[in-house]
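Input: structures, listed below.
Shared between the two complexes below is chain A, which has chain B as its partner in the first and chain C in the second.
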Partner chain A sequence: MNRTFGRGVLQYASTIIIFMIIMLSSSAYAMSGREVYEKVHEVRTKSLDHKLEATMVLFDKGGGKRTRTLVSYSKKGNAESYKALVVFKTPPDLKDVGFLVHARTFSDRDLWAYFPEFKRIRRIATNSQDDSFFGTDFSYDDFAGPSALDDYSFRILKEDAVDGKPCYVVEVTPKIHRKYTRYVAWVARDLWIHLKIEYYIDKELYRTGTFREVKVISGVPTAFKAEMENKETNHRTEMKLEDVQYNTRHSDDLFTQRALERAGK
Partner chain B sequence: MVSVAGKVSARGVVRLSEQSIKEYPDLTGRITVDARRSDWRFRAWLEGGWDGTVLKPRRDHALFKNYHDVYQDNTPYLEFKELYAERSFNNIDLRIGIQRFSWGRLDEYPLNDLFNPWDYTRFIVRSLEDRKVGVPSVSATLSRSGWTYQAVWVPVFVPYRLPKSNERWAVIPADPNLSKISGAEVIQREPALPPKKLENSSVGIRAQRLGEIEWAFNLFHGFDPRPIFKSTALNVEQRRDKTFIDPGFVPSFHKITSIGFDAAAVKGDWSLRAEAAYALNRPFNVRPELWGYPKSIEVGATPLNPAEIRRDTLDYGIAADYRLFEDGMLTLQAQQTVIFNRPAALYDRTIETILWANMKAGWMNRKIETNLTVAYNPEHGAGMARANAYYTFTDSWKAGVNILLLDGPPQSLFGRYSKNDRVEMEVVYSW
Partner chain C sequence: MDFINLLSHISLKHIRFQKARMFMAVCGICLGVAAMVSIDIVNRSVLKSFEDSINHVTGRAALQVTGADSGFPEQMLDKVRNVPGVEYALPVIETNANLAGGKERSFMILGVDSLQDHQIRNYSLTDKSADIPDPLLFLAKKDSILLTREMAVREGIKIDQEIQVQTVQGIKKFTVRGLLDPEGPAKASGGDIAIMDIYAAQPAFGKEGRIDRIDLSFLPGETLNTMKDRIQSALPEGYYVDTPAGRSRQVEILLTRFRKVIGLIGFMAIFVGMYLIYNAVSISVVQRRKEIGILRALGATRVQIITLFIGEALAVSALASFLGIGLGIVFAKLTVGVVAQSVTDMYLKTSVRELTFSWDFLIKDVGIGIIASFAAAAFPAFAGARITPVSAIRAVPYSEDGFLLNRKTRIASAFFILLSILIFTAYKTAGPSSAFRSSAATFSSMIFLVLGVSLSTPAFLRLFMAGFHRFFSPRMGAGVRLAGLNLQKNISRNAVAVSAVFYSIAMFVSSSSMIYSLNRSFLDYIEAVERCDILVSSGHPLAMGGAPSIPMPEEMWKDIEKVPGVLSADPFRKTFLNYDGRRLFLGAIDIVRSMEYNQYILTAGNRKDIRRLLPHQDNIMVNEGFAARYRIKPGDFLVLPTPNGPIRFGVTAVVVSYVSDSGSIWMDINTYQRHWRDHLADNFAVRVKPNESIPTVREAILDRFGKERKIFALPSREFKGIVRDMLGRSFTLTNAVNIITLIIAGLGIIITLLASVLERTREIGVLRSIGMKRGQVSGVVIIESALLGAAGGVLGSATGVLIGWINLEGFFRLDLGASVQYHIHFVSIGWSLLLSIVFSALAGLYPARRAAKTNIVEALAYE
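What follows is the complex of A and B.
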């Protein structure tokens, strides 16, 4: 009888403890993972009116080095809509190769590419968003606008610091098909941008990124140096931003096929 | 603002058949200058070099390619592929000068891309854009609320360019066994060009609509850029101890009217393209055996039968791009030509089909780039396979290998070059 009573108390107590642990763990942070990413989205959305120039240096494991420079223009529309134009300046093989994006929402966008060698604009499907961006370790998605929050689930794993900056470490799991099964991002608590990111395919870490030299330009926190490394190939890419401007209010004429053919000039 | 870019490439060709005509190594360079100031733009694309396909260059010291000869064998050579000035007014661009146009959506043989004649001296080896001869022209482009309208006027007729009979990519439209006469010299005559008159200019308009499905309407009235030959008379002369043969055909030029349509859309993971063109009065050559060449070649003139027939045609095709894997893009294309009221004298069937497949892939973060193209013409059982691989050493240097294999009956699109199987090595420096 006593033994049965004792077992019942134990079961009851352990249920309460588990419940308390869950409650404590979910209330340990002032925000939920989703709320953190709403803030991240706010910053990324603000950055959608921009002009920036970037230099990317590609390092292969044999010590080889290649460089790509590009200029990116973007204009925010209503709600989630935006337009973007990215044009390569170097290397010679890629000079004036460009991409034009017309996004109706964060998850619905039209994409065109222009290759001067073929003198033709091609509409391209948007299923290559996780592919390497022209041989770099960044993906096409790294250069696109924010993703739709409803397509992901978020969970804060812990609090941490990167270069002394306090961060929420958030696990982000896509509900839609992506190359990665999840990523873990270190989001700066006061700036709401990524300082570090790790992409996983199942349990395998395949790509890591770090973002440094954060400056606030026109109210938009911006990492001027980023590095992305592919753990599978040991290939890495350093990206440095130059000439970053926000609130640029570009003319709509800059986001047309005509402008794409003229490399945005 | 002025930007200058350039590229130099050296190539060497290894013949896979000793029967084919040799080709010397060649060196080609191009330099492009793009200058902009306010609403003005100036663009120049100068190409030049030593053309290894030319075996016996004409010693006339002509350096620049001209706009009046079909058979141009000057090497070294220079050529402006583009040289134009542009003025922009709000949403209108006006261009004048040597231009290349790019209408339509299909690769390799776009059906509505008719303004620029092709240079056939290195036909299948060169990319579509490199094959095009820039034409002196005036164009106006208006972009307005999702529509783009372009009007083009080419006031001066520019002929296509063909290789001479001793060059690798030469095509003999009807071979009266001339090549079997040892020691004979075959004379290739330049054709008389259409007079420089307003009625001999080419014009076209294109209206393009952007949207979920992008589509365009094209209208062209001008000279057909496809090579065709006019028969005259076979002339065999004996001068001293040498035989001179004029095979009795010259390139001819005919105006056509073409009404076309093209469209592009994305459906799921596929990027789809389609194109169609209805051409009125398109010229064709009859089968070689109907040209009237005598069985044995004798000194004197032998009149030949008319070799040209004109018929309406409908060309149409579809293409699809599909990302097969990361940095791997597969393109499939099928196109057909329907010849209306086709006479039995034509080699071409009532429906001619070309099926294309292209696989382009990048490896090791695009340090290595590979490209494989196969094409097949089922009506004649003719095919082509082209593969290349390039390794990028630095931002400026790359080197690669190209392999080309061609097969089919002698008159077919690919079979006519079936002796030209080859391996080519190329080193490229660009800046």
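What follows is the complex of A and C.
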């Protein structure tokens, strides 16, 4: 009986100690996880008015390599609304394949795709946001703008450095259903963008991303080189930005289904 | 002495000394159970392959919306999506295709919305279950196709390789963009499946703007029935909302007749087993009556004697039944491929890759074997118990104790035969909706007839022998007369052997006559409605009924008519529609041109009306089975579901048609195209100009179209040959059971004659001592055997003719219509009589040898 009682006391004490450590460590940072992400969100929202050109290289597990170039346009609307259009330029097989986003809020958006050979605009299921973005290791969500912060909880795990840049390592857990159960992001302390990200399904790491060559363009920190790797399929995608413009103030006509059919022309 | 003691001291000793006989009895029961097990396995494996295919392709869909098989407008998708509570509604195209190279393997094409389909089905373009190097390319290109890894390995196909596939548009090149692991839909159709984006599949398979099915899931909190009702009310008539299990049920309905026939064969197998056990126990009683007498004299009660014989039968049948399971699995492996092919030819494409076992049905089959053994053993066991000790010890001939010749047996025989006649008369006179108008009624009639005739075997044998002595015996030698007298001396015992022969011959003659009648009716029908010179089809040489064809553009008839020597080419289109829960066949033809050379057999209505009322008009012909089921006659109206909503059609005539068990409807192809908006054809009936050579024109057609599509151009005779082969295949199981039945009958005769020889050891000794030669003795035994075979053959042939008629009524005329005429197959009767005599004579060889070897001194001392 004494032994059982003793073990109970020990367990209770350990719980208290662990709880205290967590509390202390959280309060040890100048910011909370949520505050870090408010900053990230701010930068992302700023980047919503843009035109960028990029090259993507897809590496399969057998060492095969497929290259494609694309152009992305985006326009910020009122409150949380925004529109985005992505059009592939090369290879010839994929020329003018397009992808259109109409977001009413950060958590409520419509996605469409256009395939010229079919001459048909097709809707992409909203809950496909974590699916592969047209076969790359990026997801639709990676291209679809910021998410609603209230749909997630944030916890700073530690401070770290990536390529010499100090970072907050934040654990982000979705409150809504997502393919992943959590991700851990290395957020640059002065730039408020991701430098590294790891997606987990339960304890299993399934996707990792790194963001390099960060430059500040029109006041918006931008990683010119990104790499995403799918640990399940051993497939990875490199994306390199060629040209980036912010505050572009595109016309609304660029974000219609008709424009999608015309590849943004 | 308790039961176990009796078994161990008496039965085991008996089994040890009668190894050959026990071996044969075990073989017989084992064959009977094996037949049942194999039929069960084959039946379940075929159904399971359908179920699995449906389930794999269905994924997590809770409900499915189907319409006409030719497809329905994709706008219907929005109607379903707008129904409150619907979570996902995803379009599906399911069609057939053939590889244009290699073994030209047929496979299923599943066209899905690749961007959304993973919401319902378990596969993804990017996860571990597939190897798809560039999913975007798969989505962006119309020539993209995904194959299962199994199919790719088998056909030697690699990723990014171009393959040629036979489609509605002809041979088209597709690029294999990835391989699917055997998960989810990739497991359907035995792995013979390819996945395409629905919008690429639509044009390739002639379904522009149309889909075959909508698979849907609904939001949490909604109930199945509410959603079903809600969706059904949002759709026009003719659309069918059901669960995937419901779709399996539809397949089951489609296969009802197939299953009924399989069930009948299974029953025949049980009956054969029962006969054998009855035979074995009867002979055992006959042979051991002296032993029974001694046991009774020593104080054994009747109950103990009954228990002994039944216990023996149960022990032997249990052993044999378990052996039968193993043999049944072997039989199933041997026959499942043929049965699956037959189902593919006639109903739906199926591919049985593995046998389906289930302990419950194996236990059931063993149970039936044991229970049947009990029932079969009970009768002779009771008879054995009635033997008085005195008569048994004095070796009074068994016939004098015979229970089979008494009045009660004769009354029972007459009662069963009368009951059979009454049930059959009720069936024939009952209205279409009456309970008597069913396969169950004809089945009962058949059972009672078999029972009644079985019980009449001794009486029949007595009559047969009387006739033999009167008309044949005087003209024959002493050996024949002696053989006849021997048989007459022990009618009851010999009746058992006659019963075995009777039953197998009855089954043989009945199934031969039934198969012959069906073949004749089907071929007469084909002869009447396919009077063209060449039949051009694609995907499957028949392209009729449920055969998985690949349609061609209907406009192709114009190009065919340009081929030198072609007089005309008329398109035929088939589809299926949901009507009253059944999958109704709809055939569309150019009625005016078709009637110029085809002779539609009408059972109501007239040709003039067909010519006047069908072309381009909303009028139809229905087949007689459908007309009888729904009491439809010319002048009535029928509302049929079309992709454009329900349309009222006038019935002009009732025709003979055997293309579907569920019923068939025929209309002018122009009317069909107007309502179904489907401009495809499953085959073209080509007529050749007078004085032109059919083979030359056929070659010209193949030359003209062979490069752009893989077609079959079958001259009429070849086409009919394929139909004949297909019909032949469909009766493979029946023939297999017939052969088993004949083998078992042979075993029965050997057992009976062996017993007879042993019983007459002293008598044979006497004959040998007064100068009869060994050859003469064996000759007598062989003649006895041949006579038994002849008696069984005559009775079996007569009964078989009746059973064939009853079965044709219940299993075919009921579904296909009254025009399926019953034809007695006299050739098979001739063969049966010859076989029964020769087979029985052969079966008598071994007992004859035993008899001839009898040692005179020992035989005279035998008592």
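Here is the rule we go by: the second predicted complex is superposed on the first by the 242 of 265 C-alpha atoms of A that agree within 3 Å, B and C clash if a C-alpha of one lies under 4 Å from a C-alpha of the other, contacts with A are read in each partner's own complex, and residues count from 1 in each chain.
One rule holds in what follows: contacts are C-beta pairs under 8 Å (C-beta built on N, C-alpha and C of every residue); 3 or more make two chains touch, one makes a residue touch a chain.
The structure presented is a predicted model; accordingly, all values stated were derived computationally and were not measured.
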Superposition on chain A - do chain B and chain C clash or fit:
clash
For A:Lys265, is the partner it touches chain B (first), chain C (second), both, or none of the two (neither)?
first
With the two structures laid over each other on chain A, which partner does A:Thr256 touch: chain B (first), chain C (second), both, or neither?
first
With both complexes superposed on chain A, which partner does A:Asp110 reach: first (chain B), second (chain C), both or neither?
first
Touch check for A:Val97: first (chain B), second (chain C), both, or neither?
second
After superposing on the shared chain, does chain C or chain B touch more chain A residues?
B
First, second, both or neither for A:Glu232, with chain B first and chain C second:
second
Residue range of chain C overlapping chain B upon superposition on chain A, of 9-17, 45-53 or 207-215:
207-215
Shared contact residues on chain A, chain B side and chain C side combined as an intersection?
58, 60, 64, 66, 93, 117-118, 120, 122-125, 127-128, 131-132, 134-136, 233, 235
Residue numbers on chain A that touch chain B, as the complex places them
58, 60, 64, 66-67, 90-93, 95, 110-111, 117-120, 122-128, 130-132, 134-137, 179, 233, 235, 253, 256-258, 262, 265
What residues on chain A touch chain C, complex-wise?
58, 60, 64, 66, 68, 88, 93-94, 97, 113, 115-118, 120, 122-125, 127-128, 131-132, 134-136, 230, 232-233, 235
Chain A-touching residues of chain B, taken from the complex the two chains share
1, 5-7, 36, 41, 91, 93, 100, 102, 105, 127-129, 141, 143, 148, 210, 214, 264-266, 268-271, 321-323, 326-327, 362, 364-367, 392-396, 398, 430-431
Interface residues, chain C side, partner chain A - complex
88, 113, 115-116, 118-119, 124-128, 132-142, 199-200
